[in-house]
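Chain nomenclature is as follows: A, B, C, D, E and F, assigned in order of appearance, with residue numbering initiated at 1 for each chain independently.
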Amino acid sequence: MQAETVLNGDVLVILRHPPHGSSWLREGLDAALVAAAFGQTVSLLFQGDGVLGLLQGQGPGPLGQKGSSATLDMLAMYDIESLFLDARSLARLGLSTESLQLPASPLEPPSIAELIAGHRLVLTF
Amino acid sequence: MILHILNRSPSSSLVYRDALAGMGPEDRLLLVEDGVQGALPSQVRHFEVVGDRLFALREDLVAHGLDGHCDASVQVVDVDGFVALTEEADKTVSWF
Amino acid sequence: MRYALLVQGAPYSSQASHSALRFSEALLARGNRLVCVFFYHDGVYNAARLAAPPQDEPHLVDAWVRLNEKHGTQLQVCIAAALRRGLLDEREASRHGKSGHSVEPPFELTGLGQLIDLGLGVDRLVTFAP
Amino acid sequence: MRYALLVQGAPYSSQASHSALRFSEALLARGNRLVCVFFYHDGVYNAARLAAPPQDEPHLVDAWVRLNEKHGTQLQVCIAAALRRGLLDEREASRHGKSGHSVEPPFELTGLGQLIDLGLGVDRLVTFAP
Amino acid sequence: MILHILNRSPSSSLVYRDALAGMGPEDRLLLVEDGVQGALPSQVRHFEVVGDRLFALREDLVAHGLDGHCDASVQVVDVDGFVALTEEADKTVSWF
Amino acid sequence: MQAETVLNGDVLVILRHPPHGSSWLREGLDAALVAAAFGQTVSLLFQGDGVLGLLQGQGPGPLGQKGSSATLDMLAMYDIESLFLDARSLARLGLSTESLQLPASPLEPPSIAELIAGHRLVLTF
């Protein structure tokens, strides 16, 4: 399956921050949704602590601050189906793809560079 | 006893080294916000010297979906326990 | 015990304000007193009176105001940090020849010396930073 | 070449705005065109019309305005990020029932879709973040 | 060729690992703002794999007082050179 | 000399961020100056990348943004003479105390903990 993975598209959004501590993840996902709504082919790369944004069982923050879990459920509705994660980031945290809410293809560095090269616009959050 | 409060994870920030350098032998360390990632079994080794004086905030573990992934060596407290820790401490120092 | 909080993170960008508000409720519930919240660095943005978050998200500015109304907690904003960032009350706006203002009571612009006084005067100062 | 910049850092807290302004001058000096600066995340605070920095410090809001006047560079501010943070132009202020406003032309509140259009439409998009 | 721009130092932030993971064999890396600390001889080993494609922004080195401490393997460019690097690249990616 | 170092006082300001990239260092130094102006005994600890705030030869940032060097010169005027640095932070950066603009006493971890314990109010920036 890894061999068939398509590593190009119009817009790549790289998500490097975990949910809650900052608004980077939410504002990055918003950018991805808007790009998709504008008819662009959008890919997401979860990297660094950003892989925690994919984790199953997230809840709201203090005072009902939203997490990323509701937004993740919207990705399919917006036809964002190219989800990738940095395999080393996940391994460093000692987590496996089984604890994730959505399936994302694990990538090793050479493929991450290809992914970045394969998109016209790359936004990091 | 001083309560040190850390809101960054060793998986992305090296501020934990400065926090540890500032801790006395009775001091306690509480992981909050994104810092609760430090309670993962893969990360908790960075806090080995803190021994049984390492705490993590339950509400933030839950919000991150990490409550089931927390290392057994970490004492989990809720926000009421957080306040209790500050009451028991002479003062608090926040690391970010 | 008498507490003060130092908030250094911008609302909606960092969790600092959320954490501080949650901690406030908990310390009050345990019978402590919250004398003052001091806003410094990007924390001064918590005083922006025009904040208009979506209805399904917490309104942090209003939450601070309620804290003041219910518990008499002072809301002090470092004036130097605020002016740079475009947060002016009516008096500072007119002093700088600007029309309109962006900070209103119960938030008060005050000197950084207040933070030192507070920190040395209360039993516990807890910092919430981005 | 046609450039656009994405600024995500608050002025006076992060170097992002300074770096972006310095880069703007340099790219224009090399004969390129700067189509637009888009402000997102805490970058939206660059549009605070009431900013009153000390006289011996750079006035970043004014520097952006000069860039617009001299080079026709558009100054677009993400509306969703701005409203949460208390940055409203006259129209949004009245829509939200608030008196006064904190954003003025040449800064324009606009949708996030503009960023995507820009990013795909110009030759180079460069991001300056905190 | 893609220009990667990094504004954090390996002495405090681990974002450089993600930047390196995203770099292709022809890509270049420019250190700016606090990231210029990465040009110190003590830090530059973190960027070994980048070889002679490592750059640092002169103005930020000077502002930090680091221009005399920069490792010889780093190519120093001024802000005009920064723009030239973006002109030569297909696109830029910022890491922070 | 290290043996005579006084590790207590009213206010300790810990400076962990380098100049220019953020305003943490400047706003932290401002807090220290104000505390001293209010008659408190103030100590400074430069730690992490904050030790770069002491480096000789700093200049203004882009657009004339001030660095920390002018403020450092004001410390003596405000009677702030207890300057400390984390020796390990300086060593990690490969720098020595000779490259510093002002003399600061290098401290190892046990003394850093004593310094923190020895001050009534500790502010981190």
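In this text, a residue touches a chain if its C-beta (ideal position, glycine included) is under 8 Å from a C-beta of that chain, and two chains touch if they have at least 3 such contacts.
Every value quoted in this text rests on a predicted model; they were computed, and no experiment measured them.
> By label order, what chains touch subunit B and subunit D together?
A, C, E, F
> State the pair of chains with the top count of C-beta pairs in contact.
Result of the pairwise contact count: C-D comes out on top.
> With chain centres defined as C-alpha means, what is the inter-centre distance between subunit A and subunit C in Å?
So the centre of subunit A lies 34 Å away from the centre of subunit C.
> Roughly how many whole angstrom separate the Cα centroids of subunit D and subunit E?
Result: the chain centres lie 25 Å from each other.
> Centroid from C-alpha atoms only, then distance subunit C to subunit F, rounded to Å. What do you get?
Chain centroid spacing, subunit C to subunit F, equals 27 Å.
> Return the residues of subunit E touching two or more other chains; collapse runs of consecutive numbers into ranges.
Touching at least two other chains: 7, 11-12, 14-15, 33-34, 59, 91, 93-94, 96.
> Residues of subunit C that contact two or more other chains, please.
12-13, 15, 19, 22, 41, 57, 80, 125, 127, 129-130
> Provide the list of subunit F residues touching at least two other chains, using ranges where the numbers run on.
20-23, 48, 61-62, 120-121, 124
> Throw together a list of every chain pair that touches.
Every touching chain pair, ordered by label, is A-B, A-C, A-D, A-E, B-C, B-E, B-F, C-D, C-F, D-E, D-F, E-F.
> Hey, which residues of subunit B end up touching subunit E in the complex?
By the definition above, subunit B touches subunit E via 11-15.
> Residue numbers of subunit A touching subunit E in their complex, please.
Residues in contact with subunit E: 14, 16, 47-48, 86, 88-89, 109, 112-114, 116-117, 120-122, 124.
> Where on subunit F is subunit D touching in the complex?
20-23, 61-66
> Show me the residue ranges of subunit D that touch subunit C in the complex, using the header's touch definition.
Touching subunit C: residues 10-13, 41-42, 45, 48-54, 57, 61, 80, 83-88, 92-93, 96, 98, 100-102 of subunit D.
> Quick one: which bits of subunit F touch subunit C in the complex? Just the residue numbers, please.
Checking each residue of subunit F against subunit C gives 10-11, 23-24, 27, 30-31, 34-35, 37-38, 40, 120-121, 123-125.
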